[in-house]
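Both of the next two complexes hold subunit A, though its partner changes from subunit B to subunit C.
On to the complex of A and B.
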C-alpha cells in the first residue's frame, strides 16, 4: 500500500502549491518540499527490506482479463531511481525557491514539478508495462509544461515543442514495442516478462519489439541521432534543467534499458545497436560540448555524452558492465546536478551564461567556484572524486570489448570520448572562473544567498565522499541495484576503489587527462576550425522535416475539409447507406415470423396526415413559419402514435417536448430570416432527393423486416416486468426502469441535459458581451411587432392556469411510479406552465418574479440524484440501489414511499432547469435586441385605463 | 400496422435527409428534428408493436408491450430536445455574428452546384 501512496502523493500534492501560494512563497515552497520529503520518507522506510534482497509488491487488479492492473513493485533499481527522483526533487524545490524571480508564478512551477515527479516515480515503480507507458507519456507532457514554463520566451516554447515531438514520437514507438513484448511474454506484468528471457529472445517478434522499445529509450535519453532536442530544452529555467535533464527524465530511457536488461540484452543486435549508439553519442556529444559557449549548452551536450557512456555500458551486455552503468548513474546524477545549479547561479548573478563574456569569477564568487570546480573535476574523472572511479571502470570494460572483429575500435574511441570530456570539464572551470576579473559583466556577480548554494554544496559533498569512500557510501546500493538489473543474485567480481593497480584503464585515464588539457590549451584555433567545418544544424533539419510533414497534412486536410457542411453530410449519408446496402445484399433475410397487426381506420388517417405533412414540408420548407407548423403537426401525430401503440409515457413526453421545441424554434426564428432562398440547382436537389429516397427506403424496409420477425434471442424485458413491482415497488415499468433498474443511465442523461443547457447559457453570455452583442443592440425587427404584445385575456388566462398546470405537474410526478408519468414528464409540464407566464407577460416581468436562477436548479437536480445514489452506498448497497416501503397516516389510504422518488425529484428539477435555461437564454437575446421591458403584467391595466385618457384630453 | 409504422419512419427519414443536405441552418435543424422522430420511433418499434398493452402492471392485463425500448426512447426524446436547443442556439449565434445563415464556410469558393 505504501507504494501506491508514494506514487500518488506527488500527484495529489500538485494541488498544494496553488492552495498555499496565497500564504507566501516560503510557505508554498515549504509545503511543496514537504510533499516530496514525505514521499521520500515513505520510500526510505521500505529501503531496509529492499536492501536485504526483498521485492515489495503492491497489487490492484482493475481489468485483469485485459492485463490492466495497477501493480507496483520496488526492487533495487526502483529504489535507486525513486530515491534519486525524490531526493534530488527536494533539493530542486529548495533551489527553485531562490532561483525563481518575483514575476515568475511559483505555484505553476511547483505544480508542474510535482506532476513530473509523480510521473517519474510512477515509471520506476510500475510493475505493469501498460501503466508504465501512461506514466512515460505523462513525463513527456509534464516536461513540456516545465520546459515551456517561461512561455513568453519563443526559445522556451520552441524547445518545449521540440522535446515533446521527439520524446512523444519515441513514446509512441515504445507503446508498439511494449505491446509486442507483453504479447510474447503472455503478460503485461514486468515481473512476469523478466522471467521469460528465452521465449522473448527466440520469438521472431523480438527484433521489432527491441527496435521500437529502443527508439523510445533513445529519444528519451537523447541518444544520437535524437540528441538535438536536449540542448534546445535548456531554454527551461535552470532548476528544470538540473532536475529533468541531468538527473531524472533523460535517465528514464536508461532506466527502461536497465529494467528490461535481463530479457533484452545479450544478443548481437542488442550489443551492436545499444553499445554503438552509446559510443557514438558519447564521443560526438563530448566534441560538440567542447565548443559550446552557452554554459548550459555545454552541460547539455556533456549530459548527452554521459548518457551515451551509460548506454554503451548497458549495451555491452555483460553483468560487470551493468554494475558500472549503475554506479555511473549515481555519480552522474550527483555531479551533473551540482554543475547545473552553479550555472543557474552564474546566470542569475551575472545575467549571462555566455562563456565568452565570463571569466575571473573565482574571486567574485568563491563559494560557487568551489562547488563548480569539484563537480567539474569529478566530471573530468580526476582521482579522489566519484566520476573518476566509474570512468576507470568503464575504460577497463571498454579495453577488452571486441567490435565487429576489431579489438581496437572501442578501446580507442572510449578514451577519446573521455579526453573530450576532460577538455570541456576544464573549460567550465578555466574559462568561467579563472583568468582576469573583467569589467564588462552584464551585472556585478557575487555569491548568492545560502538558500541557493546549499543544495549544490550538499551534492558535491556526496561527490567527494563517494569518491573517497565509495564502498562505504554506496557499495550496498550499487550491489542491490545491480542484482535487480542483472536479474540474478550472483554479482560479478568488482571493487569500487580508487586504486585498481597499473591497468590499461589507468594509462587511458592518464592519456585522457593530459590530452584533454592539451586540447583546451589549443581551444582558440580549434574553435575557428570547428566553426569552419560545422555547417550542420540539427534544429534547421528538424524544423524543415516538421514543416514538410505539416504541409502534407495541410494539403490533405484542406482537400478533404473544404468547409462545405452539406458535402460532409452527403458523404456521411452515402457511406452509411452503402454500408447498409452491403450488409443487406451480402446477408440473408429470414421469412416473416410474426403476424401483422390489423390496420384500423384512425391510425390510417394519422399515417396519411403524417405523410402529407412531411410531403408539404419538402415542398414548402422555404417558408420557415409554415415549416414549424408542419413540424408541430408531425410531432403531435407521433405522440398519438405512441399512445395508440401502448406507450403512454412516451406520448406524454413527446407531446410536452413538442411544445417547448416549437416555442424554442419560434424564439429563434424571430431573429433568423423568415424565408430560405432557393439556392441549389435542380441537379443538386435531385441528387439530394435521391439520397433521401434511398435512405428512406432502406430504413423503412429495415424497420418492416425487423417488425415482422421475432427476437433472435429472448430479451431482458421479461426480467423488468417480473421484478418491477416486487423489486422496484412500482407498477409503471417504464418509470421503474428509468429511476431504478437503469437509473445510472438516467443519471448520466440528466447530466448531459444540464450540460446542454449550460452550454446554451454560456454561449449566450459570450455572445452578448462581444461584437455580436453590440450588433444585436442595433438590430431592427424586419416587420412591426404585434400591437397588443401582452393581451389582457391571455395574461388573465395564464395566471388562472398556472396553479392548475403546476398541480397537474405535481400529480403526474407523484403517480409516475405506478401510472404513466414521472419526473421527466412532470418537469416538462411545469416548464410549460412557467413558459406560459413568460409568453403572456414578457420575459422581464416574469424574471423579476423568479426566486432562484435556473442553473442552480440544474445543479440541485443533479446533486439530489447523486445524493440518492450515494445514500444507497452509505447503506452498504451499490450506487443508486433503491428502497421502498408502504406507510399509512390515518385517515388517508395506504401510500408508498420509495427512494427512487427522491431520484425522480432530481430528474424533475434538472428537466425544469434545463428547459427553462434554454428558453430564457433565447429571451435574453431578444431583450438585448431592444425588446422593451414592461413593468406591468399586461399592456393595458384595467384599473388605470382612466388616467391616459385624462391626459390626452 | 407494421407497414404503416415502417413506411412512416421511411418517409420521415427521407425528408430528414433531404433537408439536412440544404444550405441554410434552419432547414437543417428541421431536417435533424424529422430524423429524430424517425430514429425515436425506430428505437421504440424495436420492442415490436402492440395495441392496448401498456407496460403498467395490472391484475387483469393479458400481456405487456416491451418496456425497455420505451424507457430508452423516453430519455432520448428529452435529450434530443437538449441537442436541438444547442444547435438552434449555435445557428442563431452564427447568423447574428456572420450575418448569414449559410452552413458552408467559404461559400464563395465552395461548390455551388
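On to the complex of A and C.
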C-alpha cells in the first residue's frame, strides 16, 4: 500500500504549489519540499526490509484482461533509484527556491517538477511494463514542460521540442519492444518476465525486441548517436538540468537496461550493441565536452560521456561490471548534480556561463569554488573521491575485455575516454576558477546565499565521504542493488577500496590524469584544430531531418486534405463505393425475400415532388437562396413521409429540425455571395458528377436490398416493444428507448450537442477577433438592406404566438413518455418559439429580455441528466437506471412519474441551449458586420407615426 | 339533411376558392396582383374545409374538437404575415420609391427607410464586441419605457 502512496504523492502534490503560492514563495517551496520529503520518508521506511533482501509488492488489478495492472514492487534497484529521485528532488526544490527569479512562476515550476518526480518514481517502482511505459511517456512529457519552462526563449522551446521528439520516438519504439517481450514471457509483469530469461533469449523475436527496447533506452539516456538532444535541453533552468539531465531522467534508460539486465544481457548482440555504443558515446562525448565553451554544455556532454561509461559496463554483461555500473550510478548522481548547481550559481551571479568570459572566480566565489572543485576532481577520478573508485573498477573491467577478438580495442579506448574526462574536469576548474580576476564580467560575481549552496555542499560532502569510506557509506546499498540487477543473491567478489594494489587500472588511471593535464595545457591550439575540423552540427541535421519529414507529411496531407469540400467528399465517396462494391460482388447477397408493395397515390405524389425538387436542386444549386428553399421543401416531404409511415416522433423531430436549420442557414446566407461561383473546370465537374451518380445509385441499391430482404438476425425491436411499458413505464417506445433503454447514448449525445454549440461559440469568438473579424467589420452588404426590418405585424403575431408555442412545447414534453413527443422535440419547439422573437425584433433586443444564459442552460441540462443517472447509483442500481411509479392527487386522474422525466428535462435544456447558442453566434457575426441593434421592439412604432387624417377612398 | 347541405356547401366553397386561387397564381400577370391569389385560397379555401370538418365532427360524429379552430387561428395569423413579407421583399428587390403611390404622410414607405439613419436616437449601431447576456440591461430600460 505504501508503494501506491509513494507513487501517488508527487502527482497529487502537484496541486500543492498552485494552492500555496499565494501564501508566498517560501511557503510554496516548503510545501512542495514536504511532499518530496514525505515520499522519501515512506520510501526509507521500507528500506530496512529491502536491504534484508525482501521485495515489497503492491498489486492492484486494473485492466487484468489487457494485462495492465497497477502493480508496483520495490527491490534494491528500485530503492536506489527512487531514493535518488526523491532525495535529490528535495535538494533541487531547495535550490530552485533561490535560483528562480522573481519573475519566474514558481508554482508552474514546482508543479512540473512534482509531475516529473511522480512519473520517474512510477518508472522505477513499476512491476508492470505497460504501467512503466505510461510513466516513461509521462517523463518525456513533463520534461518537455520543464525544458520549455522559459517559454519566452526560443532555445528553450526548440530544446524542449527536440527532447520530446527524440525521447518520444524512442519511447514509441520501446512500446513495441516491451509488447514483444511481454508476449514472449506470457505476462506483462516484470517480476514474471525476469524469470523467463531462457525463453526470451531463445525466442526468434528476441533480437527485434532488444533492438526496440535499446532504442528507447539509448534515446532516453542520450547515447550516441542520439546524444545531441541533451546539450540543447540545457536551455532549461539549471535546477532542471541538475535534476533531469544528470541525476534522474537520463538515467531512466540505464535503469531499464539494469532492470532487464537478467533477461536481456549475456548474449553477443547485447554485448556488441550496448558495450560498443557505451564506449563510443563515452569517448566521443568526452571529446566534444572538452571544447564546449558553455559551462552547462560542457557538463551536458560530460553527462553523456558518463552515461556511456555506465552503459558500457552494463553491456559487458558480467555480474562484476554490473556492480561497478550500480556504484557509478550513485557516484555520478552525487558529483554531477553538485557540478550543475555551481554552474547555475555562476550563471546566476556572473550572468554568463561562457567559459571564455569567466576565470579567476576562485577569489570572488570561494565557497562555490570549493564545491565545484571537489565535484570536478571526483569527475576526473582523483583519489579519495568517489569518482576515483568507480573509475578504477571500470578500467579494471575494461582492461580484460575482448572486443571482436581484439584484446586492445576496449582497454585502449576506455582510458582515452577517461583521459578526456580528466581534461574537461580540470578545464572546469582551471578556466573558470583559476587565472586572473577579470574586470569584464557581465555582473559582479560573489558567493550566493546559504540557501543556494547548501544543496551542492551536501552532495559534495557525500562525494568525499563515499570516496573515503565507500564500503561503510554505500556498501550495503551497492550490494542490495547489485543483487537486484544481477537477479541472483550471489554477488561476485569485489571491493570498494581506494587501494587495489598495483594493477593495470592504476597505470591507466595515472596515464589518464597526466594525459588529461597535458591535453588541457595544449587546449588553445587543440581548440583551433577542433574548430577547423568540426563541421558537423547536430542541431542543423536534426532540424533538416525534421523539416523534411514535415514536408513529406505536409505534401501527403495537402494531397488528401486541401480544404476542398469536393475533394473530401470525393475521397469519401470513392472509398465507400469501393468498399460497398467489394462487399456486394465479393460476398453473398441473398435473393430478395419480400415482395414489393404496390405504390399508393399519396406516396407517389411525395416521391414525384422529391424527384422534382432534387432535379431543381441540381439545376439551380448555384443560386443559394433557391437551394435553401428547395432544401426546405425536401425536408418537409421527408417529415411527411415519416408521419405517413407511422413514425410521428421522427416526423415531429424532423420538422422542428428543418425549421431551425433553415433559419440558421438563412442567417448564414446573409454573409455569403448570392451565387456559388464556378470554380472547377468542366472535366472536374463531370468527374464529380460521375462519382455523385454512382454514389447515389449505390445508396439506392443498398436501400432497395435492405427493403427487399429480411434481417439475418431477429431485431431488437420486439424486445423494446415488449419491455417498454413494463420496464420503462412508457408506451412511447421511441421515447423510452431514448431516455431509458439507451439513455447512456442519449447522455453522450447531449454532451456532444453541448460541446458542438460551445465550439461554435468559441470559433466565432476567435474568428471575430482575428483578421476575419476585421474584414467583417469592413464588410458592406452587396446592396442596402430593406427598411422596416421589424414590422409591426410580425412583432405582434410572434408575441401572441410565444406563450402558445411554449405551451405546445410543455405539452409535447409532458406527453412524451407515452405519446409522440419528448424532451428533444420540446426543446426544439421552445427554441423555435424564442427564435421567432429574434426574427421579429432582432436578436439583441430579444436577448436583453432573456434571463438565462445559454451556456448555463447547456451545463444545467447535462448536469441534471448526469445527476439523474447518479441518483440511480445512490439507490444501488447501475448508472441511469430509471424508476417510475403511479400517483394520484384527488381531482386529477392517476398519472405516472418517472425519473426518466428528469433526464428528459436535461435533454430539453441542452437542446434549447445548444440551438440558441449557435444562433447567438451567428447573430454576433451579423452585429460585427455592422448590423444595427434596435432599442425598441419594432422599427416603426405605431404611436410615433402621426398619420394625417386621410379620406377613405 | 340541412347539416349535410351545409357541410357540402362549405366544401364546395372551399374547393372553388382553392381552384380560383391556384388559377390566379398562374393567370395573373403582375407579381403584386399574383400575391392576392394564394392568400385568398389559404384563408377562404382552407377555412371552408375547416368549417365543414368542424361541423361534420361536431354533429355527425359527435366528437367536437378545437383542432380546426386552432388551425384557423394560425392560418389567420400566418397568412397575412407571409403576404406582407412577400410584398415587402418584392418592393425591396424590384421597385423604386417612384414606382409606388405617395404614402400621404411625412414619412415614405417603410421598406425604403434605412433603419440606421432615419432616426439616430431610435436605432444605434452597435459595433462593440458581444456583451454577454445579462451584463447590461440599459437597453431594456430605455426600450420598455416608451
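Observations on the model:
The criterion applied here is as follows: the second predicted complex is superposed on the first by the 829 of 953 C-alpha atoms of A that agree within 3 Å, B and C clash if a C-alpha of one lies under 4 Å from a C-alpha of the other, contacts with A are read in each partner's own complex, and residues count from 1 in each chain.
Methods note: contacts are C-beta pairs under 8 Å (C-beta built on N, C-alpha and C of every residue); 3 or more make two chains touch, one makes a residue touch a chain.
If you're wondering where the values come from, they're calculated on a predicted model, not measured in any experiment.
In the superposition on chain A, A:642 makes contact with subunit B only, while subunit C stays out of contact range. In the superposition on chain A, no contact is made by A:539 with either subunit B or subunit C. Legend: residue contacts after superposition of the two complexes on their common chain; A:763 is shown touching subunit B, with no touch to subunit C. Residue contacts after overlaying the shared chain place A:108 against neither subunit B nor subunit C. Between subunit B and subunit C, B contacts the larger number of subunit A residues. In the superposition on chain A, contact is made by A:848 with subunit C only, not with subunit B. With both structures placed on the common chain, the touch criterion links A:676 to subunit B but leaves subunit C unconnected.
Of the two partner chains, subunit B is the only one that A:820 touches; subunit C does not reach it. In the superposition on chain A, A:634 contacts subunit B only, with no contact to subunit C.
The part of subunit A that touches subunit B in the complex is made up of residues 562-567, 569-570, 573, 594, 596-600, 603-604, 607, 610-611, 614-615, 617-618, 621-622, 624, 627-628, 631, 634-635, 638, 641-642, 644-650, 653-654, 657, 660-661, 664-665, 668-669, 671-673, 676-677, 679-681, 683-684, 688-689, 691-693, 695-697, 699-701, 703-704, 706-708, 710-711, 715-717, 720-721, 724-725, 731-734, 737-738, 742, 745-746, 749, 752-753, 756-757, 759-760, 763-764, 767, 770-772, 775-776, 818-820, 824, 828, 911, 914-915, 918, 921-922, 925. Those residues of subunit A that touch subunit C in the shared complex are 765, 768, 777, 784-789, 791, 793-794, 797, 800-801, 844-845, 847-851, 853-854, 924, 927-928, 930, 932-937, 939-941, 945-948, 950. Residues 1-30, 33-34, 37-38, 40-42, 44-58, 64-68, 70-71, 73-75, 77-86, 88-93, 95-97, 101, 103-107, 109-113 of subunit B are the ones touching subunit A in the complex. Per the touch definition, subunit C reaches subunit A in the complex via residues 77-78, 80-81, 84-85, 88-89, 91-92, 104-107, 109-116, 118, 122-127, 129-130, 132-134, 136-137, 139-140, 142-143, 146.
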